[in-house]
């Protein structure tokens, strides 16, 4: 045991600065808006796994997340952060993806517990998805087999730091290379996998389309896509 | 009252209402935190929330009526602020009196109800049916109070009501002359601000915050703005009717904050009532107190 | 009072031949019974001996014997004791009789066993999947199903090679992982 | 040929034309033009709307020494304006696509148009009545005509129409008795004679007169004890017919009530007649009847799940406002009540038309089978939206002005319990009105309604023009208040000081121009704030939060049945159908009496009569 050296934690090298708008007024405005976004995050009240038991103590009087501006919100429409806590069973992953797509962007995913990192304690199980990153983009991981509230809050502060400096844009990846994510999802759920949210139309509407957005998986989706309702049978964006 | 002054007043009153309303929302969250022995949010938290909500990238809408609902919710209250006389600014108080103001407060509720209706979400529809039932419940004692005050001062012009009360000094306050009506109005205030015991239409665990279930981004931001206007209007209206309105801002502000603090503190100590219990409570004690108060006022 | 009830039960059960009876403790009795005699035994226990509560049906997979072992745990409130009735059924047809008519909760236990082990219970009200709705592979609890191999084939892993580990390896150190832990 | 003759002649002509050529394709359009001509003839007498003029008709009869003559004054001019307007819009609605649909269902269009024309003609005759006899004849004509239009649609409608007929005949008999009593007192049928004789009458006779006339006219107005017939009858009348009846038909009772009780008997005597052992006098009795008429039908409407039935019950409820306003008899209250007649006619007709447009497209008016039609029928939605804002009495629309006037006068007169009752009625209206628009237009669009088209122009144009009227008279209520002040002068009520925007009143008046522009400016600023940030994206109806559940179109998740469970859970037991029980008790009583009477004269043995006559003769001889 004696030969273990003192290993100091190496700070992550800051990744390249995101593009800033040229005129100073716009830059200050962006700075301000990002500061407000970082200081007011609505956490989705959705316990996907065992790790969620650590969130109430983080919210109540001892650790009080509200001083950081984080409030639990009930519907994905009002939420910014999706905390994926604990093991991600295949059935829950369907609901997680549905909820993630229903959240308005900019949205952030925090993978709490090591089960979302690489399968964790349940890595041998046939029923759990091992790597959350393949199915939805994840911003911050908080390791630990149920990290304590301090760890959860430090993870949230790291996310706040990312948002304030503009690095918290993992949500764009979901639109930019939707084909990769859809491929993984179809591999897990089968060819008939489809969510009511029209991600491609959204990508088109918000100008996030890249060449990786559409691919053979999205064509597969389009072929055997069950018409949602007589009102609008086809996914809108492809033609124009 | 040249039209420039009027224009200035009409722009200044909603802005002031918004700022004071934000302060009231902050006070509510601080009171809640204090009661639960938490630290509570920082000073500018309401502003952070609203800026973040308005700066969301995707805004999910279910159709034009959904957007119209939010516009009516915010616009209805902006218009209602111009009818509320504040120290130094009377706005359009003489054009429409107390009864007009009650109807102006119903316009945002109906607007939001229409907007939520188009979201085609059952949670929203259940929430709206409860919100309208709650409105029916707390409006009856409130109307008894309004009649008592209007008959006592023989006018429905809010500026005049405030002036009459200020003429007699503290003893002339509505609360002193009509204590029972003031009590009944407190119940109605609790319902009007939609606070805890009477908040069954925003039951987060049961119907996912009821009407706000499909509101994201600027829709939710609009409802946050409406909430701040709602607190401000409730506080100022109660102050005008019972606490002698505002001579100057120094005495006016503590009064409206005190008035709004009472229901907020009560709210944090109570669980949520079911809808029929809410209606039963609102039609029992406040109505009795109001009618008794009316009897004193009438003779 | 319940002590002589237990004694009475032991004498009763010992008289029945064809079942192996073993009392493990004052509150636990194990009975090994033939496949076709089990329903009658349960009916006897439920009707005559106040074992009214079926707490669980478990299944044990004996691949080398080619048999499933079904264990019916019934509990009696009067005698405060549990009877575990063990029986063996052949593995290949994997079909057995449902005891839904005796104990209603049996429906869910049988449905669960059907999903996990593939044992079909005739007469059970509902045999669809309800836990593994997303799973269309073989019944996973069977011993011949190798979950780890399936996982390695179906899922990829995240390469875990943090920077601090790279420096250690450059200096010749590194973290030794036991051979059986190496996954890829 | 006085202008009044032109009017009466024109309406008689329309009746004859529709009877003769009702089935040709353009019958509806020609009828609409004829109603427009009647409107012009009415406008030619516009002096009455702004001054105390009276137009006499040249027709008059001499009958046993009594003269019957017809004349128009500003009271009848105001009501005639609403009647002809309602007739015009209803026949316009009934002339385009709706007519083919109606004929395709196998009903005769001629019967419908002639019934409508007869209704308008009989109402004009009633409004023009110059003395009590012509009033009674006009009253009977109106009852007969509305029975005709009610009974058109189906056997069930005929059942409800027959029920209305029994009520109408009972009311008419009460009025006839009243007229005979007046004739016995004064010797003539002239209004002036009755007005002159009133001071001389004792309180007892006046109470009898009030009960007879009040009861008779109350039946037509469907006041509380006798309100059961109206909702079902109006709901079953075919689309535009219901719009016409709902708008004006039961206001004829109010016209007659004002004419006889308010104008001739006058407020002084009414206040003087007190009910013993209570603090109430005759005016309070009428006021409380009005408040109960406001509350009970509105909360019955809350539970209906058929849109037509819900609107018809509101028709019964809103009559309470008009009566309450008129009975307060001060300048604000009576102006409020009378303006409510005009306002209610406009948005009730529009609401009934929008419901029949929905029935035209989806085939049903049951609120539990509709939903989400706003994306398919936007114009009909706008019409219903303006209608419900008016019916609920919210600011931008004219309904708010009349309700404000009534509330303001209740506060000025100091009647607290009436004020609270009126507000209970308003809140009930708001709740049931939101249920109407939510269940039909908002919420989940059903698969079978996915291909529904917008109603044809011949149906949407009348609705939208009515919506424009509702909004404009809400913005400039002075237009209607001018007619009402002229009417108040002629009826003898205190005249309301008003200007184009609203009302001057020392202690808190109302200026709708400022109020509406303030509200619209506020909503505009709200829109500015809303549209200043990111572009919102339309999302599919199934892309909804349902607790992680994948919504699908074949599952109906719209919340529409039992819409206010909390409220109805509390007030559910209060609906004990007591009026329906009273009505059936009365009916069974009359059955028993008639059976007893039958027993008397349907004798098998004639000798019984011989015995009875002999006994009477003997007893009469002994007494002498």
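So that you can tell them apart, the chains are marked A, B, C and D in the order they are listed, and the count of residues begins at 1 in each.
Operating definition for what follows: a contact is a pair of C-beta atoms (placed from the backbone, for glycine too) under 8 Å apart; a residue touches a chain by one contact, two chains touch by 3 or more.
Worth saying up front: this structure is predicted, and the values here are computed from it rather than measured.
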Chain centroid nearest the full-protein CA centroid: B
Chain centre separation (subunit B, subunit C; CA means) in Å: 61
Gap in Å, rounded to a whole number, between the CA centres of subunit D and subunit B: 36
Rounded Å distance between subunit A and subunit C, as computed from the means of their C-alpha atoms: 38
Residues of subunit B whose C-beta touches two or more other chains: 55-60, 208, 213-214, 217
Set of subunit A residues in contact with two or more other chains: 75, 77, 202, 205-206
Interface hub residues of subunit D, defined as touching at least two other chains: 375, 445, 535, 537, 539, 541, 543-545
Pairwise chain contacts, counting only pairs that touch as defined: A-B, A-C, A-D, B-D
List of subunit D residues in touch with subunit A within their complex: 375, 445, 447, 450-451, 535, 537, 539-545, 548, 550-553
Residue ranges of subunit B touching subunit A (in the complex, touch as defined): 29, 33, 36-42, 45, 47-49, 51-52, 55-60, 204-205, 208-209, 212-217, 220
Residues of subunit A that touch subunit C when the two form their complex: 7, 9-10, 90-91, 94, 117-119, 123-127, 129-131, 133-134, 189
List of subunit A residues in touch with subunit B within their complex: 32-33, 35-37, 39-41, 45, 60-61, 64, 66-67, 69, 73-75, 77-78, 80, 103-106, 202, 205-206
Subunit D partner contacts - residues on subunit B that touch it in the complex: 10, 14, 54-63, 65, 67, 70-80, 82-83, 92, 94-100, 103-104, 106-107, 110, 113-114, 117-123, 125-126, 128-130, 132-133, 135-136, 139-140, 143-144, 147-148, 150-151, 154-157, 160, 200, 208, 213-214, 217-219, 222, 225, 274-276, 278-280, 291, 294, 298
